[in-house]
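Sharing a structure below in structure tokens format, with a few things to ask.
We call the chains A, B, C and D, going by the order they appear; numbering starts again at 1 in every chain.
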Amino acid sequence: MFSEFLQYLFTGITIGATYALIALGFTLIYNASHVINFAQGEFLMIGGMATVSLMAMGVPMLLAIILAVVLAGVLGILLQRFAIAPAKQADVVTLIIITIGASIFIRGLAQLVWGKEYHVMPNFSSDEPIRIFGAVLNSQSLWVLGIGAILVVGLVLFFTRTLIGKAILATSMNKEAARLVGIRTQLVLMLAFMVSALLGSVAGVVVAPITFTSYDIGIMLGLKGFVAAAIGGLGSGVGAVVGGLLLGVVEAMAAGYISSDYKDAVAFSMILVVLFFMPRGLFGAKVVERV
Amino acid sequence: MSALIEVKGLDKAFGGVHAVEGVSFAVEAGQVYSVIGPNGAGKTTLFNLISGIYTPTKGEIRLNGESTAKLEPNQLAERGMCRTFQQMQICMNMTAIENVMLGRHLKLKSNLFSTLFRLPALLRDEQSCRQRAAELMEFVGCGEYLDTEASAMSYGALKRLEIARALAAEPKVILLDEPAAGLNGTETAALEELIRKIADQGTTVMLVEHDMKLVMGISDRLLVLNYGRVLAEGIPEEIRNNPDVIAAYLGG
Amino acid sequence: MLKTMLRRAGKFAAIAAAGLVMSAQAAEPIKIGSFLSVTGPASFLGDPELKTLEMYVEKINESGGVLGRPLELIHYDDVGNASSARNFASRLIRSDRVDIIVGGSTTGATMAAVPLVEQAKIPFISLAGAVVITTPVKEWVFKTPQSDRMAAERILSDMKERGITKIGLISGTDGFGASGRTQTLEVAKELGVEILADVTYSGSDTDMTAQLTNIRNTQGVEGVLNFGFGQGPAIVTRNYAQLGIKLPFYQSHGVASDGFLDLAGASAEGLRLPASPLLVPDSLPEDDPQKEVVQSYKAEYEARWNAKVSTFGAYAYDGLMLAVKAIEAAGSTEPEAVRKALENIQGHVGVTGEFNMSPEDHNGLKADSFRILEVQNGAWKLIN
Amino acid sequence: MVNRFMQSRLRDLVFLAIILFALPAFLSNPFHYDLATQMAIIAATVVGLNLLVGFAGQISLGHAGFFGLGAYFSGIMTGSYGWSSIPALLVGAVLVGIIAWIVGRPILRLKGHYLSMATLAVGFIIAIIINNETWLTGGPDGMPVPSLDIFGWELSPFGSYSLFGMELDGNQAWYLFAALVLLVAVWFAQNLIDSPIGRALRSVHGSEVAARVVGVNTASYKSLVFVISAIYASLMGGLYAHFQGFITPAVAAFDFSIVLITMVVLGGMGSTMGVILGAVVLKLLPQVLADFQELETVMFGLILMLTMIFMPKGLLPTIQMAVSKRMKKKAGGQA
């Protein structure tokens, strides 16, 4: 009984960590620009696919990963520069549609370049699973959790200790004021997109050995990341992490204990319940109506 | 006779900061009652509390003797309260006259069936509503804008439009939040004239305003707030001579 | 004035329509229409299918075409969406006016097109698996893959031979998995196999450990069957190995391709599945009638596309060859004659199996056209 | 005294009617009628969605759920339970309206992205149920739907009809029917917009707080428009099912919700004629792009992105603005 529960928990936390990283990407961009970036999942895809294809060309794994992440970062900058920045006057829904267009475009390109097949990426370390109290943990899961934790700590340090991080925070709080104190807000927005792309692509690389990777893997994972971010409360870093883990664990528990047919429905019902009681998610900022 | 609006021990805190604290006063029907005070004194917060947009942390507001604690802004409107905003709330996706016609919302019987089929009864109502709205726009002095898109109107005209919208609801009491802000001298004079006309029609007016000349000229009574607390209350003459008020205004 | 305006507008419309319709006025070609899931979640079906069709239409045309007429392939990508499949079928029939349709990668896409095809009376050879496509028989609809029911029969019989009568079932919630699940439940009842656990996963799931844990913890399960296609079964296979489940493991024909072995890796060791002999051409006995067809298809496909051959491409190969054979037998592209000819095809040896069509059977394959394969040392091994 | 809406309403409706009834002159084969019919049905759906998104300013990323519910209810009741189409469509619409009201009340309190999230979740849950309940819906492989019967008179794309002595085939008849439906849908939408109810709805978008202080119960108006747009979707879903003759869970899927909202935004939020244009463009695009094969996805994404970047107000409003600017310039030049 306990081993069963533990197994579901391991499964849930691993996938939840992935959701959390994607949700963090959503949060970053949302904080800096109040845009919900539906192309977030594509960064994840780029990370995995570029690594796999570079490795197939004979590039060593570590270098392949670095190149892939850099590629995603560049893509993030391009997305901000050429799709989001020119449309800054646009309505919220319009921006959503622009990012959806961008995600279709990126996916189409990936399909042209890399084809439609699924690809395998080897585990970072041993293929041998780890056994704990009768439950099994893929060694790659430890990588996902470890790297996820490092990224979260890194982000916190980035925002509290570095000038660039503080500039992003300042811009998110008050764009005009930030501009007045000499922050180049366009540059900051670009950076936010870049960091968000880096996060997404790293997530894509670390989960690829578990999930495989293909040109369209970003659709569903991106969407789940958005769900996780909304549960946690848009704009809250803690919320993104908690939301991601919660979503992953609820899915796994629902699949194990309730009904595998309806596990996604259970996850979506959970959002409705959360939003019913907390209209701004678990950790969302309370906003007073100002008139 | 009890007061139209009665406020008792009103408190509103935002995360520990008291924007309004222990405020009590009463407004009699037919008065022009003004709330003044330095920036950040809690005037707008007070209006937001009275009009039901904020819920008080403590204290009580009575409209015509009825507690408003559980009432939404739209329910207060049904009971005859209407207002304008310091930061104008105009529906920019509509024309000027539609904004005023919106003000008559409660006076119109809307029925989905007659709406969908656009029955003659509805058309008649709409015609008279439009006529009344046009009159009101004339009354407040923006009659030339009837079918102009709200987004294409000047600031001053929009300010008057917002008052017309509030009047369209035929309220017992109208709350005007800094109607003179951003207006020039002539416009302010016209506004003063307008407020007088409104009051003459028997509508109670509550006013938040910075323009002392305007306030002193038209108010029956005044409430002075400072740091969320009542500094003074009384007729203009008393306020003018109140040493605390003078100190607060002169930065004492 | 108004008249000239109208005329001009008419001209515009004609030009626009021509652009839409893809004009084709070659020397009376035979038009073969196809709508396939070339991209989207079912692209692993549609992609090899399209490649196969393109390649063999070319080949046939090089050797003089059919009835002295060249073949013209008109194909659209339905992205795995049944509504677009229906729309493209409509376009093929009504706008492109094709002579025969070979396509429909998934059951949903096929079924959405069926009403149009039946009404327009155009022969349609589907490349999708579910038994509903040809049972009950629809006058104008044929199909080349074995049905999922046959797969279920083959798998469950093989299990019984090994003494397995209590099993756990895990299936995808996509069309293939859901239909396979339904057929497995029915066949199990007939064969006296008990299904003790019945769980599902959705196409985009990335981890099926929870579902498999559920099966593992069900008392009495002696074997496990996964009915699904796409990358899902590969994840199931890897999770199965990670969880250390030692029970005999079966997959369906939905993953019968070398790509699956690449994805599942060492975890696939020992699993069995029903498949066409395409995966093991060289281990077929010399006297097997299919050996030559299978070997040459595999060789030609792999030489042309520099990609591994897949069972699904073979469905298109068989579909095209059946169409050609029927048109040749009919001596024309007159739909009714072609339909009759299709219905009367006997002993046609294809890659998937030997087709014996009849008015009562528009599939023409027997369950034993499935061979049971086992993964041994990372390669397919023919069991029987 | 004629106001803005009255003028434009008459003009738009007449204009639309002329286009709809002149279109057959340009349709050269049944496939074109087939597409045009679908466009009309989807356009009517989008006109309903626009009431919610364009006029009341509430985002829905799950509207296909209601479309799918309508489609499946009509399909199941006529197919498996022998109902006639009209009662199936109407009862379906009422049920969907009730469902929309029940879920709408709590979720419409949410704002911005949280509302998108909640509607997305509702749409997903509906799609998952349709996909899983195979015994009722045929599951992922879909189910056949009988053709439309209007009080015993059968309208099938495969039939043949005569109207005022004109011989029509089934597709032409369906097209005319769908065109009429679209006109009625537009007429209702316009009547609604230019009415006290419509002003209240638009004020929710313009300034919710202003609406409340003049007595608009914004919560119930949001619910109302949510229900109305869901009913539009349900009815059109039912018609779509009868026309297509076969439906799969794709009609309720998230992708389709995105397509619907994209039609609204692309065509021009808050412009009834605009969103119809949006529906036509998005329905036509895959057919036009089909010839580009592998490049199809890339081009679709690129076109969508560029249009929205350079025409953030949507196709029709941007065109209208450009035209009126031109005319003003001309007038100014003469003066």
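In this section, a contact is a pair of C-beta atoms (placed from the backbone, for glycine too) under 8 Å apart; a residue touches a chain by one contact, two chains touch by 3 or more.
Since the model is a prediction, treat every value here as computed from it, not as a measurement.
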item	value
Neighbouring chains common to subunit A and subunit B, by label	D
Chain at maximum distance from subunit C, centres defined as averaged CA atoms	B
Distance between chain centroids, defined by C-alpha means - subunit A, subunit D (Å)	33
Chain centre separation in whole Å, for subunit D relative to subunit B (CA means)	41
Inter-centroid spacing, subunit D versus subunit C (mean Cα positions, whole Å)	35
Subunit D residues counted as touching two or more neighbouring chains	132, 209, 296-297
In subunit B, residues with contacts to at least two other chains	53, 85, 89
Residues of subunit A whose C-beta touches two or more other chains	111, 261, 264, 289, 291
Contact set on subunit A toward subunit C in their complex	4, 7-8, 10-12, 14-15, 18, 111, 116-118, 120, 127, 129, 136, 138, 207, 210-212, 214, 216, 219-221, 252-253, 255-256, 260-261, 264
Subunit A partner contacts - residues on subunit D that touch it in the complex	53, 59, 106-107, 109-114, 116-118, 121-122, 124-125, 128-129, 132, 209, 254, 258, 261-262, 264-266, 269, 294-306, 308-310, 312
List of subunit D residues in touch with subunit C within their complex	25-26, 28-32, 34-35, 38, 131-132, 134, 139-142, 144, 157-158, 244-248, 250-251, 255, 286-288, 290-291, 293, 296-297
Residue numbers on subunit A that touch subunit D, as the complex places them	30, 36, 83, 86-87, 89-94, 96-98, 100-109, 111-112, 223, 226-227, 230, 234, 261-262, 264-265, 268-269, 271-272, 275-276, 279-281, 289, 291
Interface residues, subunit C side, partner subunit D - complex	6, 9-10, 12-14, 16-17, 19-22, 38-39, 76-77, 81-84, 86-88, 90-91, 93-95, 107-108, 111-112, 114-116, 119, 130, 132, 173-175, 178-179, 182
